[in-house]
């Protein structure tokens, strides 16, 4: 089954490119550490999912590029074309002359409706190229105006037009500070709208990825391209093919559906995060060996201590002693910084993957009281190695990890809202105080629900 | 890609404009060495086939044939404009872009605003429409004028209203040169205050610049350069203030160097919209991020570095210095001290070989020394443009919406009141048709209201930052 | 084939000796994996060893999708329990059955009676055969009644769970929504593939009516091993069908025999005296459902009453002053007649669905682009039309139920001071 | 926490529904697997992923899928036909060779009985122009063998996607284990080479004779079985059955029940549908404003009529409920609740019937299938809604004060289909 990607805005388009490039290079790499035949099946499965028919042998990404100004799209298209390995569809992009100016309202209420038909037509064309459509990736930042505003608009439209297809928004969570001043407004508007129309929000935090680049990848002067590559790697580690079941040799056909069914069935808990291990620069890799036990031990501690990377994990954090009754509204000072999960999905790739022991993730203490590990934890495996790592593991979690950042954003936006700062920029384009209040209400609820797991 | 039209009004406006076009041409020539007319160039220039008569000769693609500035030049005297038309830039303009008179406004805002305003309204509109027709997505008008004189101040602010009515969706960015206290124009306080009211009401963003600060900056550079200290490290012609071959004339024409700084400001302001970068910033993002309340649209700017070292591979230390300088009192294009006032919002527009990590490091470093309003503690907007200014490896333009503009306004009001109490020179104004005393009182109360808004914000400076109670979820 | 044909009974010999064994043998053979005739004989004498086989057989008769793997794994006790419950809800009269031990230790005669009761009541045998039918064409049911009904027997993991949090219910509900969506996506793909296969094999089928091959047929050509298996299964089915026909011809003698079996049973004690330890429960659509429908109907009646009153008043006001001549009276009669007819048709719409008028059951999919008026063949467009109206109906029902809940909860919210309920925005 | 009884019921209902869905999905995936496998080899440019290897490794490469999703209908058919023709030729070659030489590769006889296998491979020989579509390109990465065939200078016959080489003509092959699946047991299908004739014109592909025979016998038997039914209804057998049933009833010592629970259910279901139909009709009637008095009168009559019908329905329902009340109820056995089928063709035609369902385009088929699923889903939703209402509403209203978390969850489940949720705020934020 195929996934159609919609890349929106500068951020969405830059990341989209890296994602496709990562998927392509990985599936065509010779480092898969598996038989040729298996590698071909892996390749074919990846291709069915993310690339469509070849034109002169060059696969075409199942993607639609949308931006309101042409610079980034031009750059992205030509970068893909120059790679010579894959490219974007010749007419699969839409751009205008003038961006949304960091104004969510402009993207959502002006650009969105104005270009609805063109954008939906492009998506429709891409959908028609799929024998079978599983769903959509919508890659967007939530801080800006185009990605966030049009992204929310497009997601809503996809929900109306393709009700059965799955919609996963890849959300780029802005740095805590310093990108866009109205980012908190734009973020709450984006998140609240997506909560109504999307099935899952896979959140990528710029701050976290930035740290990975600095600490794990050892990059001195970190560029957006570095950040995007890490992010693409994380996405690839989740969505490259895996076997459909233990002992099966068929690749999972609808990973998006399986993932969602396992992680986001509850309407109040739609936010997902990815952690993966190992991640390091090429140089260090040569000197490293890994065992499954070691990787999974780290990954588990990353999960429960809410660490975004394997360095600087707080090993003091322990799951609460199970059996204690949850006491209603007490979670803030719950076990020190213990990150409660609702559900987790582990994805293991590489050598001897059958031998990996995942019992540590089946501890009920890791999870909210109302779900049993049997419902809350799943594993996907394949012995085909991912990227340059002989063994690697990723964990997609629906957990409390985002509560604090979300709470911060809502709080800051609320402060600004209370002083009515910048509101005139939004009301100018039809987003009224009432809409803000709706968004605040919904997100406060989400925060509270996650707190009270 | 969008386009912008520069409207330069009055003597000051035209002189700065002239500098701007000179630098803009140089910049594009340096970046675009193939001589292909591209989108970046198109934002300020039309490509015209001169063999075709009339306006039909626009070329949208291919080789550069003949570039025409997207500009409208207005002056009620002929001197400066004529100079331009005889100078090296004459090919960039054509007569259809000009509006001149011979009488001058006599340093009288009312003449410029009321008399020439109504007299030239149709003509100005026609030229503006024409220039807009040549754009496929007109995004912004840059208005360059001075506040103290008659034409720039009076007709310039008249023009704002015209633009607002005619092109409501196009941004109006105004570069206003404020008179220094020792200004030789005696009526400049009147003109400035009358103009301020119009700026308050009809501009999207105002970049206030005062002559005194520019002069101070130039003097400081001269001092450094001539002291010989930097002789070995300063790259020739690397000064921001240098225009080709003009270096030696600096002492004779200090205005050239000063105008150059303003022109550079405009170039850097638009660079991220024109050129590629990993974090773009379009013009519409400026007002979106920096103007929290409609009236508070005065942005104090600073530009660093003003010269560059010969070695392009600067160590981070130097890079960090660039960020520090941008916040120092000495580098502001207006006499103001942002560091000791309250920030409402701040934009850092970086050009050249600088990465997001450099930007973040410096924000983290500088943040503790800066005060931000309680509801915008992280009021930073940033952009990264990969194309550096000519001759530099990198540069930074900082735009601050800061209460530090207030003293200038207060001082202006004081000077105005000193004159107004004596009713000095008032009759020059009141004899102009449509001009009444109420114009003065309204203008001054408009300014007072603005000052009051800044006062209120300043008052919060000393208050502890407390979170406003949030919506309370009952579960 | 010929070998099978020889087995067909000569009708003339029907009444002769050995007719009963023959009939029972036919019955046994017609049942897929049916019990041996010997079991029937032993059951007559209530021999305990015959009981397990009969429980299993009854279970297959009574569980909707017994062919599936899930039910096969069920223990005998669970099967027996389900059989009791199902028989009870179908109105099986004998209470002795309910008291039988579920371990299969005795009661074979009772079970034989129950089996016969089912056979006598309707075409269970045929239904069972149809369920096991070897699919040659690409068959597609045009309605959903079977799928919905086949929720199937309890799965083994269904042992009582402890109390759960309502969020867990929400979680499961959400999973269900996702499963339906994935199912829809897979179905879409399946349609695309089927359609392609049909297109590519156009003109390859000897049957002009079909024109193209089905998946099973195509596979037979591509995969001889699979084809051989298919053929074997088909032949097996044919044997079963022949046996069923044979049973039909000879079953009279079986019923006569059953009379004697019944006669051999001791009469049941009066119902009150032997109240069983527990009776299998009545399935869900029983009283609860009935009450719901009654409530719906009452609400409808009220609405109708109100609407009628309003219309009547309007009507009276309009015609109040006008005279009513003979012309009016005839027009009125005509109108009355028309309305009566219309309402009768409406009533028929829900009463007739016992009949075959509504498309139902599996059909062989055939791709035919030329819109030839195809006799008794069903057109997709027609099915779509029926489904759409069904969909509209169900949507209305769902909306109405949700509206009812909304009112209920709004009432509740009104009773809680100091709180504001902010509903999700309606889209 | 919900009370145990309620928990058990709801979880059982939902798990039941989930399992049913999963089972459907599984069946669907299996049939998808078959269809994909069938299509993979012959689609010129399938985007389908080849299944990972099941058989042993060989040097061959799996067919790398090239892509042209739009099936050029006629061209595809033509290609298929050509492939079939070729298959027949190949078969003849093999069977002749097989007579001479019992070499394993030839003895396999695979082609003799399964031309479809090769038929399913499009052969787009680069050298062959004309009849081939211009966009035709050789299937890349497919090991191809050359078949000398009369009339066609050179056909390239790709071996089947997965398994071993099938050497034909000049090129001999080793018998791979994969050949096993190509054997056809002689006993199962009589080896009548002519059974597979491919008419030169009209491209009619015949299924094996044994199969055709069995299939036609099958449909004949079904027809007999179906037609025998009504005729039976008058004869002695029916009488005997009726007698048996009566006897059983009397022997049970219990009164003849008016209706069984199942029948009551079906009837209640019908009445429910009646209710929704009546409601629809009423809305329809009220939505149009009458333009003249005739219409107005007609509308009035209709409404009165509807009222009467609704009254009848209600009356009937009350009878049913009364009848049901007489029957004793027992405790619910452990396990998932079973559901009666919705009142669709209840017992109308229980047998398999060879009726055809004609569709004209992929899209039409998809619409149909989606609708069918949608109806099933809605039906389930309605059912679940009722169960949830029955279990949760009393729970919420009986609590004093009600748990707000429960209220919210119940609202989401009952009023929003579980997809959206409400927020409950304290009136005054300063309170908390």
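All chains are identified by letter, namely A, B, C and D, in their written order; residue positions are counted from 1 within each chain.
The rule is simple: a residue touches a chain if its C-beta (ideal position, glycine included) is under 8 Å from a C-beta of that chain, and two chains touch if they have at least 3 such contacts.
Small disclaimer: the values here were computed from a predicted structure and weren't measured.
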- Note on the structure: Farthest chain from subunit C by C-alpha centroid distance is chain B
- Task: May I ask which two chains are joined by the most contacting C-beta pairs?
- Result: C-D
- Task: Find the geometric centre of each of subunit B and subunit D from their Cα atoms only, then give the gap between the two centres in Å, rounded to an integer.
- Result: 70
- Report, in whole Å, the distance between the mean C-alpha point of subunit A and the mean C-alpha point of subunit D. 35
- Message: Taking the mean of the C-alpha atoms as each chain's centre, how many Å separate subunit A from subunit C?
- Response: 44
- Query: Where the CA atoms of subunit A average out and where those of subunit B average out, how many Å apart are those spots?
  - Reply: 41
- Note on the structure: Touching at least 2 other chains, the residues of subunit C are 164-165, 167-168, 170, 172-175, 177, 179, 182, 184, 186, 188-189, 192-193, 419, 422, 424
- Query: Out of subunit D, which residues touch more than one other chain, so two or more?
  - Reply: 29, 370, 404-405, 412, 416, 418-421, 423-426, 431
- Item | Two or more partner chains touched - positions in subunit B | 470-471, 473-475
- Item | Inter-chain touch pairs (all) | A-B, A-C, A-D, B-D, C-D
- Item | Contacting residues of subunit D [partner subunit A, same complex] | 29, 33, 45, 47-54, 57, 61-62, 64-69, 370, 405, 412, 416, 418-421, 423, 425
- Which residues, counting only subunit B, touch subunit A once they are in their complex? 1-2, 39, 136-137, 139, 276, 278-280, 282-285, 287-294, 345, 355-360, 363, 367, 374-382, 384, 467-468, 470-471, 473, 475
- Message: Under the stated contact criterion, what part of subunit C meets subunit A in this complex?
- Response: 164-165, 167-168, 170-175, 177-179, 181-182, 184-186, 188-189, 192-193, 422, 424-425, 427
- Of subunit B, residues touching subunit D in the complex: 469-475
- Enumerate the contact residues on subunit A facing subunit B in the complex. 10, 14, 69-72, 75, 96-103, 145, 175-182, 210, 213-214, 219-225, 227, 329, 410-412, 414-416, 418-422, 424-425, 440-441, 444-445, 447-448, 452
